[in-house]
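Common to both upcoming complexes is subunit A, partnered first by subunit B, then by subunit C.
Here is the complex of A and B:
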C-alpha cells in the first residue's frame, strides 16, 4: 500500500486545529496598533460620503437602525462612522427602528459610546436627536411616513430643559419638519432588507434621498438599487466601514504636498479635506484580521484541492 | 468588581460557551444556549412594550389627565378593539378556535397585498429603465471617459453666458475638468475668473461628458445587456428551449449566474469573518485587555 503524500495528509487535519488557526489568525492582528491597510474607494461608498459631507449645518437626517448585536462586527462600525460624520457636519438626526424591538437600545449604546469621543458630550437628546423607538410592520410604517410624516412619528419625548414630556415635533430637531421633503437624507443601517421596503414606498423618484449601510451579506442585492439611482449611496459591510474611515482620515481627492490622495473617488471632481480629529477606528482595527483570515482560507482551500487532485492522480497510477 | 467589568466577564463566558460547540457537544454550551434563547425572547417581549406598544397603543388608548405639564388628552378607547384582534392570532395554537387566527393574518395580508402593486412598480421600473443601455459609442475621439472635452463654439458660448466667464476661459477649463487646488489657482490666474465660476463651468462640462457614451462604456453596456438577456433566457420555462444558439445562450446565462453567486458568496464570507473578528475583539480586547487586566493593573 502506498504511503499518503504530505498533501494528502493535509486533508486529515483535525477541524479543531483549523478552528484554532482561525481564532489565532483573527485575534493576533487585533493587538497590532496603528496598522493601516490602503483601500480603493468604491463608487457607492464614495457617493455616500460626498452626500454626507454636502449636508448643510443643522440639516435633519433620519437614521433607521435595523440591526442588533448579532451583526455588531459590521453594523456597529457603520453606525459609528455615520454618527462621526454627522457630528462633523453639525447635523441633527431622528433615530428609530422598523425591524427589531431590540434595535433602538443597541443603537443608543453606540450613540453613548461615540458621544464619549467629543469634549462637549456629543449628541444631546432633544437638542441634537430625537429617539422615536421602534415601529413594527415596516411596510405599513413606511407607507405612513410617505402619506403623513407627522402622524407616523407622533411620539413624545422628555425635554431635558424642563423635564416635561412633549411632542417630538416641538424639539429643535423636528421643529420645521412636516413631510419627507423636509428631511435632507434618509439613512438605513441594516442587517436585513429594509431599504427595499423604504424604496418601494417612498415613490419614484424618492421624495427624500435614501442611503443604505448594509452588511456584506445584503450588499450585493442592494447594489442594483444604487446602480439604478434608487439609493444615493451605499456602504457595504466591513469594507464599507474601512472606506468611510479612510475618507474621514485622508479626505477625498485631497492632495498633501502635491502627492496623490490616499482616498481617490474618481466620480467626484472636487476634493474634501480630512475631518477634524478623525482617526481610524473599529473598521481598520478589524480589517487586518479580515485579511489574515481570508488569506488563511484561500491557502487552505488551495491545499485541500491539491490534496484531492494528488489522491486522484495516484489512484489513476494504481 | 465594577458592574461594567462584571457585564464584560459574563458576556465573555457566554461567548466562549457558545463557541465551545466547535470542540464538541457539551453541557456548558447547552446551558448558555438556553440562557441566550430565554434572554432574547424576554428582551423582545419587554422591548416590544417599552419601545412601541406603550407609546403607540396604551398611552393613546388611556389618554392623559391634565397636569402642570399640559392639558388633558382624551383617551382613544376604540384602540382597545385592537387587543382582541391581536389575541386572535394566538388562537393558531387551538384546534377548535384556530380559524380565528385567520382574521388578523387576513388583515395583514390584505394590507400588504394592497400595497404591492405600487411597491413593485416603484421598486422595479427604475431598474428596468436602467437596464436599457446605449450599446454604440456616441463619441469616438476617446476610448475611455475623458477628463476634458473639446467644445463647439455654440456650447462654449452657452456655458460662458451662463457662468459669466469668457469663451476662452471656458475652453481652458474644459480641457481638464478634474480640479484640484493647484489647477484651480492656475485657472483663476489664466482666466481671471473666480473659483465659483470655474467650478460651475467644470460642472457644466462634466454634464456634457456624462451625456456621451465612450467605447469602454459601450463595451460594459454590451456585457451587461448580454448577461441580462442570457439570464432571462435561462428562466424561460414556458417552452422547450431548442437549437444550438438558444441552448448555448442559456448555458452562458447559467454560468454568469454562478459568477454572480460566487461574488455574493465572497461578500457573505467577509460578513461571517467580521462577526467572528468582532467576538474575538470582545474577548481579547474589550474583556481581557481593557477589562480584566486594566482593572487588575489599577
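Here is the complex of A and C:
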C-alpha cells in the first residue's frame, strides 16, 4: 500500500534543509547564557578530579597535549578545566606534545586564555610551567622518558629573569625532578591513542600515576585501561568536561544545609568543597548544543524509518 | 666483556648546545654535512650491497629494542646507581641507549618531514611551471607554504634573538603578528571548520541510511539510541528521577536496573569494553607478527625479497 504524501515527504527532506536545521540547533543554544544542565558523575571522571584535588602544593604534573583544533570542542574544554584545577592546587606543570607539531601552539593559546582569568596573570613560564614543545615519534619518546627522564627532556628554555637560555632542569618546575617517580601525575589530553603508548612504555604498574582526558570517540577504548587500573582517572569527551566543571562549581559530595549534593561521586568517601571562583565555562556552553544536535539526530532517524514503522503497524492490523 | 665502564660513563654533553648559539648552528651544519656524505655514500653503494646494509641496520635497530625489552631489569635501578654485576651493567647500558635511540628516531622523523616538504614542493612547482591542469591550486599551495615557513622561522629566530621579550602581545613585532594571523587566525580556524563539516555528513547519512530492515539493525539502533540518550545529561538525570520515585531511593530495589545509567553502563562494561579488548588483542597479535617480519626483513617493504 502507498504511504500518505506527508509521510513520503518526511522521509525525503532535502539535505540543505537538514544542514540549516543543524546549524540552528547547534548555534542557538550557544547564545543562551547561564544554562546549567545536570549531569551524573562517572567513576572515571570522579577519580580524576579527586586525584587532582589531592595534589600537594608545588607538585609537578605533566601535561602531554596531543590534540589540535579539529577536536577543540572537547579537548580545549578538558585542558582548560585541568589548568584551572592545577592553578587552584598551586601545582606546576610540564607541557609538551608527542603527537602533532601543531599541538604545542594550540595548548599555549589555551594557557594564554586561561591565564587571563587570574588577577595575578596565572601560570608564568619558567616559574610555573616549562614548555618542552614537540617530540616526534611518540613510541621512542615514551621509552626514553621511562629509561632516563633527564636525557629525554634535555631542552632549553629562556629564563625571563635574565633572558638567558637555560636547561629546563634549572627551572623552579623541574629542579628536583630526576625520574618519573618525582612527578606527581602524568596527564594526557588527547584526540588519539597516545595514552596507550605511554601506558605500554611506562610498564605496569607505572612509576607515575597516569590520567587521560580523551575525546568521546576515544573514550570506550581507554575505558579498558581505567578498568584495569592503568589509568587512575579519565575524562571522556564533552560530557567529561561538563562533569569536571560541575565538580569544580558544586564540589564533590558537598552538602549545603543538608541538601543533596549536585555532584555525587559515590565511590569517594570524603567530600571536596567547590573551587574558589569556579564557574561553568566552555563545557556547559557546548553541552546544550550537544543536546539539541542529538535530539535532532534521534528525530531524523525516527523520521527516516517512518515507512518501516507504518508497515509493521499495518501487518499488526491485518 | 666488562660492561661496567660503559654503564658508568658520564652522560654525553657533545650533542648539547644552547638553542640559537653559534655552537648549535655549527653542530647542525656539521650534522647536515655528515648526513649528506652518508647519503652520497649510500647512493654510490652497489645495488647488490644496499639491501644487505638495510637488512643489517633494521635488524640491529630492532634488536636493540627487543633486547631492552627481554633483558632482565633490576627493580628500581636507574642510571645514577652502580651496577653490581654484568647483567645489571648491560641493563643500565640498554636503558642509557634508549634515549640515544629515541633521539636518532626523532632525527629520522625530521628527515622524513623534510622529504615530505621536498616532495610537495617538487610535485607542485613542476605542475605550476609546466602549466598542467589545476596549476592555480598548486600556486596557492606553494604560496601558502612559503608564507608559513617564512613567518614561522622569522618568528622563531626573532624570539631566540630577543630572549623571550615578545612573549606578551603588547610587545609583538611583525613576525608575531604574522604568525598569529596565519596560524591562529587562518590555519586553526580552517582546520576546525573542516572537521565540523563531519557533523553535517553524519546527520545526513544517519537520516538516509540508518534503516531497521533486520533484527541486527534494530538491536544496533536500540543500543545506539540508549547510548545517545545517555550522553545527554538531561535525559539521564530525568530517567534517574523517575526511577528514584519508583524505588523511593532504595539502592537495592530491582527497578534500579532499568535506569538509563544502569542500562548504559551494562552495555558499555559488558558488551562494548570486552569487544574492544578482544579487537585490540587481535590487532596487537597481528602487530607483533608484523613487527617480527619487518625486523627480520621478511616483508617486501622491509627490504625482504
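Quick note on the criterion: the second predicted complex is superposed on the first by the 302 of 318 C-alpha atoms of A that agree within 3 Å, B and C clash if a C-alpha of one lies under 4 Å from a C-alpha of the other, contacts with A are read in each partner's own complex, and residues count from 1 in each chain.
Going forward, a residue touches a chain if its C-beta (ideal position, glycine included) is under 8 Å from a C-beta of that chain, and two chains touch if they have at least 3 such contacts.
Remember, predicted model here, so these are calculated numbers, not experimental data.
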| item | value |
| --- | --- |
| Subunit C versus subunit B on the shared subunit A, clash or fit after superposition | clash |
| First (subunit B), second (subunit C), both or neither touched by A:72 | both |
| Which superposed partner A:160 touches (first subunit B, second subunit C, both, neither) | second |
| First, second, both or neither for A:44, with subunit B first and subunit C second | neither |
| Contacts of A:133 with subunit B and subunit C, given as first, second, both or neither | first |
| First, second, both or neither for A:235, with subunit B first and subunit C second | neither |
| Contacts of A:290 with subunit B and subunit C, given as first, second, both or neither | both |
| Touching partner for A:304 - first (subunit B), second (subunit C), both, neither | second |
| Subunit B versus subunit C as contact partner of A:104, first or second or both or neither | first |
| First (subunit B), second (subunit C), both or neither touched by A:217 | first |
| Region of subunit B that runs into subunit C when the structures are aligned on their shared chain, from 57-65, 129-137, 165-173 or 183-191 | 57-65 |
| Doubly contacted residues of subunit A, that is, touched by subunit B and again by subunit C | 15, 19, 22, 26, 70-72, 102, 105, 135-137, 140, 143, 156, 164-165, 216, 220-221, 224, 227, 237, 239, 290, 293-294, 297 |
| Complex contacts: residues of subunit C adjacent to subunit A | 11, 16, 18-21, 65, 68, 78-80, 95-96, 98-99, 101-103, 105-106, 108-110, 113, 160, 163-165, 167, 183-184, 187-189, 191-192, 194-195, 199-200, 202-204, 206-208, 210-213, 221, 225, 228-229, 231-234, 236-237, 240, 261, 268-269, 272-273, 276-277, 280 |
| Contacting residues of subunit B [partner subunit A, same complex] | 22-23, 43-44, 47-48, 50-52, 55-56, 59, 69-70, 108, 111-112, 115, 118-123, 125-127, 129-130, 177-182, 199, 202-203, 206, 260, 263-264, 267-271, 273-281, 283-285, 289 |
| Subunit B-facing residues of subunit A, complex | 15-16, 19, 22-23, 26-27, 30-31, 70-74, 76, 97, 100-102, 104-105, 133-137, 139-140, 143, 155-156, 164-166, 196, 199-205, 215-217, 219-221, 224-225, 227-230, 236-239, 253, 255, 258, 269-271, 285-286, 289-290, 293-294, 297 |
| Complex interface listing, subunit A residues touching subunit C | 13, 15, 18-19, 22, 26, 37-40, 68-72, 102, 105-106, 109, 125, 135-137, 140-141, 143-144, 146-148, 151-152, 154, 156, 158, 160, 163-165, 178-179, 216, 220-221, 223-224, 227, 237, 239, 242, 287, 290-291, 293-298, 300-301, 303-305, 308 |
